[in-house]
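Below is one structure, written out as structure tokens; comments come after it.
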Amino acid sequence: MSILLSGETSVLVQGITGNIGSFQTAVMQEYGTNVVAGVTPGKGGEETSGIPVYDFVSEAVGRHEVDAAISYVPSKFARDAALEAIDAGIKFIVMTAEGVPVRDMMAVLNHAEGRGATVLGPDTPGLISPGKSKLGVHPDRMTAEGDVGVLSRSGALSYEICKSLTEKGIGQSTVVGIGGGPLWGMTQVDVLKLFEEDPETKVIVLAGEVGGSMEQKAAEYIDGEMTKPVVSIVVGRSAPAGKRLGHAGAIVEGNAGRAADKIDVLSSAGAKIGRSPGEVAKIVDQLRG
Amino acid sequence: MSILLSGETSVLVQGITGNIGSFQTAVMQEYGTNVVAGVTPGKGGEETSGIPVYDFVSEAVGRHEVDAAISYVPSKFARDAALEAIDAGIKFIVMTAEGVPVRDMMAVLNHAEGRGATVLGPDTPGLISPGKSKLGVHPDRMTAEGDVGVLSRSGALSYEICKSLTEKGIGQSTVVGIGGGPLWGMTQVDVLKLFEEDPETKVIVLAGEVGGSMEQKAAEYIDGEMTKPVVSIVVGRSAPAGKRLGHAGAIVEGNAGRAADKIDVLSSAGAKIGRSPGEVAKIVDQLRG
Amino acid sequence: MKTVECQGKDLLGAYGVPVPDRKVVTSKSLLGLCAEDCSQFPLPGMVKAQVPFGGRGKAGGITEADTPSELLSRASEMIGSDLKGTEVRSVLVEKRAEILDEIYLAVTFDAGSRAPLLMAGKEGGVDVESSARLRGEGFHTARIDTALGVPPYLKRLFAKKLGIVDAAAFGDLVESVYTMYRKKDALLVEINPLAVTPDGLMALDAKVDLDDGAEFRHRELFERLREEQKHLIEGEKGEPQRLAKEYGVDYVPLDGDVGVISDGAGTGMLTLDVITEGGGAPADFCEMGGEADARTVARSMEVVLANPDVSVLLITLIGGLTRMDHMAEGIANYLEENEVGPPLVIRMCGTKEVEGKRILEGLGIDTYDDHSEAVGRAVELSRGG
Amino acid sequence: MKTVECQGKDLLGAYGVPVPDRKVVTSKSLLGLCAEDCSQFPLPGMVKAQVPFGGRGKAGGITEADTPSELLSRASEMIGSDLKGTEVRSVLVEKRAEILDEIYLAVTFDAGSRAPLLMAGKEGGVDVESSARLRGEGFHTARIDTALGVPPYLKRLFAKKLGIVDAAAFGDLVESVYTMYRKKDALLVEINPLAVTPDGLMALDAKVDLDDGAEFRHRELFERLREEQKHLIEGEKGEPQRLAKEYGVDYVPLDGDVGVISDGAGTGMLTLDVITEGGGAPADFCEMGGEADARTVARSMEVVLANPDVSVLLITLIGGLTRMDHMAEGIANYLEENEVGPPLVIRMCGTKEVEGKRILEGLGIDTYDDHSEAVGRAVELSRGG
């Protein structure tokens, strides 16, 4: 089993005719993702990689059963794309755009909550359930089917971790990138809960970063609720204060958001700590016996 | 038993030092309502009828357990009073003000929904569970403890019905006025559900009016879900089209909202129809055998 | 507060909705004066009676004028004429548009979802009268999340469904209408028809209903609109209406002779129903509301009794918020200072009824306890019984 | 985009927040010119260095001046001086206020509740530096429902908790701050201190951080602020920073000598960590983002290599959105047109890696597959290995 995404999950791609959208759709299809429809305003009636394109999400869901939507649209259109998908009744929304205004994300996330939809992102690489399906940009070659749940703010960092795991012969159940912040739809706790409940996930890797207090909340959850072993890496240990490193959410302000503190609370909560993807893979290997 | 309000329900009064607020608080107390605190901005520290007055709802709930709030404030302050009570965590809010702007009510009702609070009103006389407690302005002399649930848009009309019932020796479990519209917190269906679930309510009287389509929805619910007998009266049968009769929601526009149509659907749904409170009481009497 | 077409267009225009060039004239003399310089009027134009109800087109309240002389004669004819029982007091002259397509567009609120509702239909024009009847094919609605406003995709989607090519212009127009709806606390903003013309979209009619409850946020606007309506639509009002307006009493004149005052909307309607079904005919609906005091009763009596048709005055009181002692005082005060011709039937019960009845007994007035009995007696008296 | 104090005050002032009379001077010559007519300066006043970081008061960046001559000497001294390693390029001269009480007030967003957060504390002033540390007694927060704005009761409640007598003025001020926060897409609006003076409330400092992601909604504002900052705070920038700005490359200069380019934020941070913990010292953080193409790589190389301290260039790529063929092309393009002094260490894997490696092999460049190995090699090279 896997979380959030299986081989049956039917997917709609927003911005499917754009450069990135069309390329990534082809890659997803090749991997086996069940892409059933795409949307690009003004391109309704066309086809991309054999997938029908619609002007509006509501038109697509009128013709196809859609479980999840992923958007490859510029950040200034990300709010509208998400609202359209939510209003059309789609319950799982993946937002890949980087730099979506915080005001727009507050609107999207509140609207999603009111309509019972789950949002992954923004600024997320998406997720992959190796051997089954992928929804996003995870390079499949680094992953393998297995029982380790991987969860990261950063896309590339989760690829590194999967690469190290896979090279050690350890597969993954699902690999989830929650995005670079500073506002998140699904949080680390949300994903940890799903892994905890997933019978086929045995060990979880949590990749954290400097900035904010999400890892502190994850640590609370791990401490109080989790029965499965968690291995964690926190990057930005050498980050200078007051400088934003790539992600909008990755900034140490004053004494808040430091990597050392996050490592402390995660460690106290029982998570094993690795300093590099290689170390993480080694610990996971030991935990799985 | 009763719905929404029992002898134990602890009540906070907003606008407690105003003319109406202080008078009605005294009347409620005399009836046995458990009024524990009041709020009037700027009057914190005073007392009214032996009830402590606070500047803010949050201050009152910090000192007292509060189950319900009722506001006697001018309509322009009704939105703020309701938001304050909701934000303070009170789960049942009664709004008596008439003429609250629709925009304000949309804000209040959406906010209440998000916080899990129930709003009765606006423009409501409130409710009374005879022999136990009252929350609002229902004149107690016309009511008696019993097993008939009464539900009305209009305050005075519910008094008329209770008077007729009581004079026939038929008591009421709870008498609920949902208010004059055009926007309602609790609707007829919401209250019908509670009466349906209340083991001590045997018969329900539904007093409807011209305007809107709430009675149509009530009829659907009666038809589909209710097991208890419903007796209904719809007033405004002689209402001329296009004229608003007292209540903001009581207006026949074009063919919509006519009393005759409401009587038809309620009757088709199995409700017995009376044309006056006297007739209603007679039918209830027959139904109770 | 329901505005008249020309007021609605002013409001919409101020928010950026395209409306035709136009000029309002409120009297024949003013019309003549303006016509001396006929460039003041947009011609060829439409001449439209400004009346506070719909369906005027079919009743002859809209006509055309190509030339200044045509305009003068058509508009003169219309001012002062009778339209569905109402005297036309003003006309709007506006530039005639070349209509390629007619659309219906409105924003109102949806009681069910507690949200603003955007409504649009492919069929605009005179056959679409009441929004309540708009439920067919080609008619579209969408609830608006007030935290979000109208999302761009929804504007594009409606444009496509309505067959509007210039989706951007339509989106701007929807944004303007929605913004006005929110900022002005409207209950309804309806454009019917919204015309597609060679020059773009244009609102050819405008129906705006502002929330009376929100007047405290829009004092100046309400005052201005009321002042305008005095000239635009109000003829000589009957004395009861004039007084009701002055006193702020909720008064709806009806055709019968049983004067009615009640202290609740529901019981007021009930009273009308029982009178009517009992063979009588109510002269009015007059409801004092729960916050009525002695002065409210006295003033309501003055209003209702100003109607010369009233043959009996029925006051039905069942106090919840209203206190019967206050009600009785008000009745007593009125009777002290006024001769009352028609007989009085008073039904009184509820809060402080003992005190109230005592006051009236002091004046020699008996009260009824039962509503049906009181109504029955009033109907009887109205038939000379 | 973080604004400087004087810019923040302009923004707040435009939304109705009371701010002191003030004048900004950006050079000694301009200062002298203005001082000829000393009425241009509000005296007695505060002289405040305009620098893009906090804690300047304790570092000597704020002083007072009662007379024109004092002003001239103090301000002249300050302009061009060094404050915490940064050259002061401008000073704000503003009317000195009589401070009765100092309060902290801010609006930011709360990631947990996905809502704006109103924060206020009884203790304002220099000891309250980072909002993250504000968690004690006398500090109050409230989430704001964006569909509602700040409810009136909440303004009154905060006023009471903060001991502010004029609750109405405080409410207006909160409304202004919140409105500006929303309308300008701010991430943070902080007033510290908000002073209670005999003349009312007054914002004595202003820290405004605008959302870079929302620049598309505020093009003119962003351009103006950037233009101003050139004069207000920017000294001669290093060539890498200048280029990074021109190219829009995400570049943070650091103190070491290992040049770093990565195609992900997380792996960029990981690379810094592994370099540092392996005994090396990164020269920069340079992350290209998932949408990088060939040009992005070439430009990033130009930026990072413009730093003369770089002794080795480490490029770590693990393609998800980025395509290794594009990355390799970019590297090849750059190398074709430029002499590169420092040795290159490239780690490449992921999407289209076969194609990418083939291109680099064509240039005789080997790539690493393992991240740690690549980093280890780069650290080794930086130590002359």
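By letter and in written order, the chains are A, B, C and D; residue numbering begins at 1 in each of them.
The rule is short, and it goes like this: contacts are C-beta pairs under 8 Å (C-beta built on N, C-alpha and C of every residue); 3 or more make two chains touch, one makes a residue touch a chain.
Just so it is clear, the structure is predicted and the values come from calculations on it, not from any experiment.
Leaving out chain C, how do the leftover chains split into contact groups?
Connectivity without chain C: one piece.
Looking only at C-beta pairs in contact, point me to the busier pair out of B-D and A-D.
It is A-D, judged by the count of C-beta pairs in contact.
Per the centroid of Cα atoms for each chain, what is the distance between chain C and chain D, given in Å?
56
When the centre of a chain is set as the mean of its C-alpha atoms, what distance in Å lies between chain B and chain C?
27
Going by the touch rule set out above, which residues of chain C reach two or more other chains?
As it turns out, chain C has residues touching two or more other chains at 145-147.
In chain B, which residues are in touch with two or more of the other chains?
In chain B, residues 107, 110, 114 touch at least two other chains, as defined above.
In their shared complex, at which residues does chain A touch chain D?
20, 24, 27, 75-76, 96, 98-107, 109-110, 113, 125, 136-139, 141-142, 152-160, 163, 180-184, 207, 209-210, 212, 214, 217, 233, 235-240, 242-250, 253-257, 275-278
Under the definition above, what is the set of chain C residues touching chain B in their complex?
Contact set of chain C toward chain B: 53, 109, 111-112, 114-116, 129-133, 146, 182, 185, 187, 211-214, 216-217, 250, 252, 254, 262-270, 272-277, 282, 285, 287, 289-291, 318-321, 349-351, 353, 370-372.
Which positions of chain D touch chain B when the two form their complex?
It comes out as residues 145, 147-148, 151-154, 156-157, 160.
Would you pull the chain D residues touching chain C in the complex into a rising list?
Going through chain D, the ones touching chain C are 145-147.
So in the complex, the part of chain A that touches chain C is made up of which residues?
Residue list for chain A touching chain C: 41, 55-58, 79-81, 83-84, 87, 107, 110-111, 114.
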